[in-house]
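In the two complexes that follow, chain A is the common piece, with chain B as its partner first and chain C second.
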Partner chain A sequence: MDFIDYAKQRYEAAIAEINRLKNSEFPYDQIREALVALEDLFTRQVSSLKKLKLTSSPSIAKNACGQTLACLFGYTPFLGFIVRATNVRNAFEVYSPALRLAKQLLGPDTKLLLSSEWDYSPFILMTPELPNFVLIGVPAFESSNPLIMSLAGHELGHNAWSKEMLGRKHDPDIKKEVLTALMGKHWAEFTSFQPTATHANLTTDMFVQPAWLPAFAYASRQLEEIFCDMMGLRIFGEAFLHAFAYLLSPGIPGERYPLYPSVVIRARHLEAASKLLGVDCPTGYQDLFSKEQDITSPATRLLCSVADDATAQLVDKVTKDAFRIADDKGLPTRDPAKVQKIVESFAMVAPTDGRNTMTDIINAGWICKKRDDLWTNVPQIRPETKSQVLADLILKSLEITEFYDRLGSP
Partner chain B sequence: MLANPLAPELASLSSDAAVELDLLINGETTDLGSVKELARYLNETYDHTPTAAAERRLAVDTATETILGRAFVQAGDDHASILSNLFDRTRKVASELSSADSSHDPGSLEWVRAFCLALSQSASAYRQLILNSRPENPYRR
Partner chain C sequence: MIVRADKIAQQLEKPDNPSDPLIIRPLPNIEELKTSGSASIDMRLGCWFQVFRGPRVSHFDVYDNTLTPPSESQLTKHHYVPFGKPFVLHPRAFVLAVTLEWIRLPSGFAGEVVGRSSWGRHGLIIATATGVHPGFTGCLTLELTNLGEVPITIKPGTTICQLFLHTVLAGDPKNVDKSRFVGRRTPTLGAIKLDKIALKLSEEVH
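Now for the complex of A and B:
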């Protein structure tokens, strides 16, 4: 059974690479800790492979080797992420404030890795195999732009969703709403795809359940995304709205993805939640985004519509979850007076002094970013360098607040 | 508490359990660490306090219920009734796994091995349902 030897050799190569990477220089210890955790995981895979014998049943051995192959597929991107987390392109000034925020939301054992990624969408890597690790990737050419760090609020939301077991909490409601939508206005279309379905066997027949299960999976993920948007909005306020629009507006042309709510719907929910939080949502915010095209595949379109209907019924619940969790953990909200003070410092081309939250600093940054008259009276700052100067002021302010934090000063 | 069914560990754990049971059936010496761990895992899916049969439901989410249901069907159970019987079937397989050893009836061990393999494949398949719906780079092949 050559495939067993191949599986073992693949892991020898992977572990050898991890050992080479461990000799790198790391800007912070948690990067090395993630490497060690991956090495442990890969070593456990080797132990599983070593149990296979020549007498093992081929189907069992193939499945075992297939599982270890899936593990390599799943975790190779983690190694790339770790390598890129050491890149000087990253704004390391953001790291400590972001770690503090992550610990506040997720607990004191939280370990954070920030990486500049060659993937345009910010994303998070999460796995139970690396418990307590939060790996946030931001697009390489934006990784030194502190203004988009407010999107980390959304990414941290994914970890909060998992840690607070909100998927499990809302599971019965999601299932109920999916079935209600399915048995209501979508029933005729659904039974045209699944003629054996009846109201009675939807939840009892394993041949019928897979026909609607994708709608459940889509609704679950859509709600998680909305929860994360709400978490980002709750922590960063206006700065989240601006960063969200900066990175995503007007949306990618083409069909929408069923695991995400339509971007226009996301903007609508953000507008509504802004009113609840007293956040100043830009006028016409929704209009920054275009409606994606409907999904072409009739079956997927139907299941996505069912998911959309189910999700719409539960938005309020996950919004309340996000606000409650953020309040319970004492996460900051932006303080208008402090934001204004920071804006005044930036207007004088000076970083702000004293201890300030990342929320206030980044909100001040966005206010300055949107001011056409900023530094028009400072001839040394050319219009084309304004963004870079502003980014430097924000990063320096984050460093200063870090000094105060570490010294325990008020 | 059940692990996340979308995470790889349920697929890996049940695969490891199938490997150990396979060794046991083939007369090889093996520890049964993964078999016992899977038994504990399944034991945690149901409430052990006695209740009326009609109220017996697994304390699992929809994804886990589906993964278990598919595994039982793949291992030979009836598709139309398995979800109604999931509590009793899961409790039975957990018990079989807990007590598995070389003195066990070979036919019973072979069925449990088939279930573990099916569970591993079912968990992998459910994860794929999610992965296949993610946006991909349009230029990537």
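Now for the complex of A and C:
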């Protein structure tokens, strides 16, 4: 059967490419480990294909080949991600402190890959076949900018959400709040779309349920995003707020995407949570963002409104979850005295010495970034090179932390 | 006048002018500096290297003003070697590297980077352009070449050169090094700029 041979050849080509990539320069060993893990996965697929020859059932063979093809489709972007993780445009000095943070939050077996992506939105990849790997991608042209690395707090939050099974924990509450919102102020509109719906059959009628279940899915994803924002805020404080605004403000024109909370609402929640943490939120922070256009589809717009209302009721709970998990895991929070000391060092155009947290270093970087008078009395630094010099000071400070870590300094 | 290591230690601990201090980070071992009796401070190899892309460049001619000078990324490629990993410098190879230490020189100090004799005797030459001007701040770019017969393995963190510091006669403290090499953590190639005299003298006379 040709399709079995084709399937095998496709995997052999992928494995050959992995073997070529294994000879690349790796800034840290976990990139190679990811390649080896992928090679193991593909080799297992080839083994299963080899066994397939023995079967006499073409439909079983086709199904199995289709599964292996799906695996190849799924993991090819991951291979690209690994390759881009080796690019020298990346801020490699961030890796070591980011890995420490990831291990603290997710456990000592965590393996981290930081890469630059041709995708503007920072994201996290979670792969079921490589369960200990956390992959964080940032836009390629920002991957050397350490100031946005505070957004890693948000991205790691997604892993924490999954690891702590918070989706499962909050599902009953989400469902309850979605139904409450639906049966309350949105009922008339909902029944105009779904005339057979009654309060009694919402959860029992198999024809009515699909009409509102998307609202549950939207609320669930929105709540996860808010949890991740809170995790980022808890770990990085002001630096998270600035990086969030730097990358996302004022927002992308166009329709609201229902799986995400509105960017204005996210900013509002961040402002509120900042007060709880004693984080200094910039005045008028929400005003940096623009409200997205309403969703055109009336049914989706309604379900999104239901999800928004349900999510709003649960923000406090996920905020507490994020803060509790971060506290339990002993994650850092910015130390104003240490941040100030680092700022003073940066003002001298020198990195800071000793071991410092990524949180303190990046916060100091943002304070300097926001200062109009930074280095105006330092003729060595030309205005057009300020951002580059500041980035280098932050990255050097992170490297110096790794230097002391490796020496086992207190 | 060359500054002795114990005096360097003193400047690092308690600078004469706190608003214009000598800074070296990571901070060297102050006690060792005080007792070393030397007149220099050891510098370690950093993690960034810059290797020339020979096959992509036909030649380098700063006199031909009909050509657009090649950019740094056209001429060279950066490599990051993490702590614990080797970089092998083959015989006759020439690469740019960088010190692990970030130096900030006050306006009253200048420096000079010199190789370590122990490496030199194995063929490793560290620096050719060695002057560091008052007010410089950043990691020092090193020019590494292996003049020996066998490849040499080096790793980031290794003490690879030494920095001699000189006091300079007082001048305008604001008149300090403004070169493009200031404030960088990676090696920098920079451009060669000819002055008016060199340009005039480089013209062919018919």
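Methods note: the second predicted complex is superposed on the first by the 353 of 410 C-alpha atoms of A that agree within 3 Å, B and C clash if a C-alpha of one lies under 4 Å from a C-alpha of the other, contacts with A are read in each partner's own complex, and residues count from 1 in each chain.
Everything below uses one rule, namely that a contact is a pair of C-beta atoms (placed from the backbone, for glycine too) under 8 Å apart; a residue touches a chain by one contact, two chains touch by 3 or more.
Quantities reported herein were computed from a predicted structural model and do not represent experimental measurements.
Colleague: Tell me which of chain B and chain C touches more residues of chain A.
Modeller: Larger number of chain A residues touched: B.
Colleague: Once the shared chain is lined up, is A:Pro128 touching chain B (first), chain C (second), both, or neither of them?
Modeller: first
Colleague: Of the partners chain B and chain C, which touch A:Tyr246 in the superposed model: first, second, both, neither?
Modeller: neither
Colleague: Which of the two partners, first being chain B and second being chain C, lies in contact with A:Asp392: first, second, both, or neither?
Modeller: second
Colleague: Classify the contacts of A:Phe3 with the two partner chains as first (chain B alone), second (chain C alone), both, or neither.
Modeller: In the superposition, A:Phe3 touches no partner, neither chain B nor chain C.
Colleague: Once bound in the complex, which stretches of chain B touch chain A?
Modeller: 3-4, 7-9, 11-12, 15-16, 18-20, 22-23, 26, 28, 30, 61-63, 66, 69-70, 73, 79-84, 113, 117, 120-121, 124, 129-130, 133-135
Colleague: Along chain A, where are the residues that touch chain C in the complex?
Modeller: 25, 27-28, 88, 92, 348-353, 379-382, 385, 388-389, 392-393, 395-396, 399-400, 402-404, 406
Colleague: Which residues of chain C touch chain A once you look at their complex with the stated criterion?
Modeller: Checking each residue of chain C against chain A gives 21, 23, 25-27, 47, 77-80, 82-83, 100, 102, 104, 135-139, 157, 174, 176-178, 180, 182-186.
Colleague: Using the touch rule from the top, collect the residues of chain A that touch chain B in their complex.
Modeller: Listed in rising order, the residues of chain A that touch chain B are 48, 51-53, 55-57, 59-61, 63-64, 66-67, 70-71, 74, 121, 127-129, 162, 167-168, 171, 174-175, 201, 203-207, 209-210, 213-214, 216-218, 221, 257-260.
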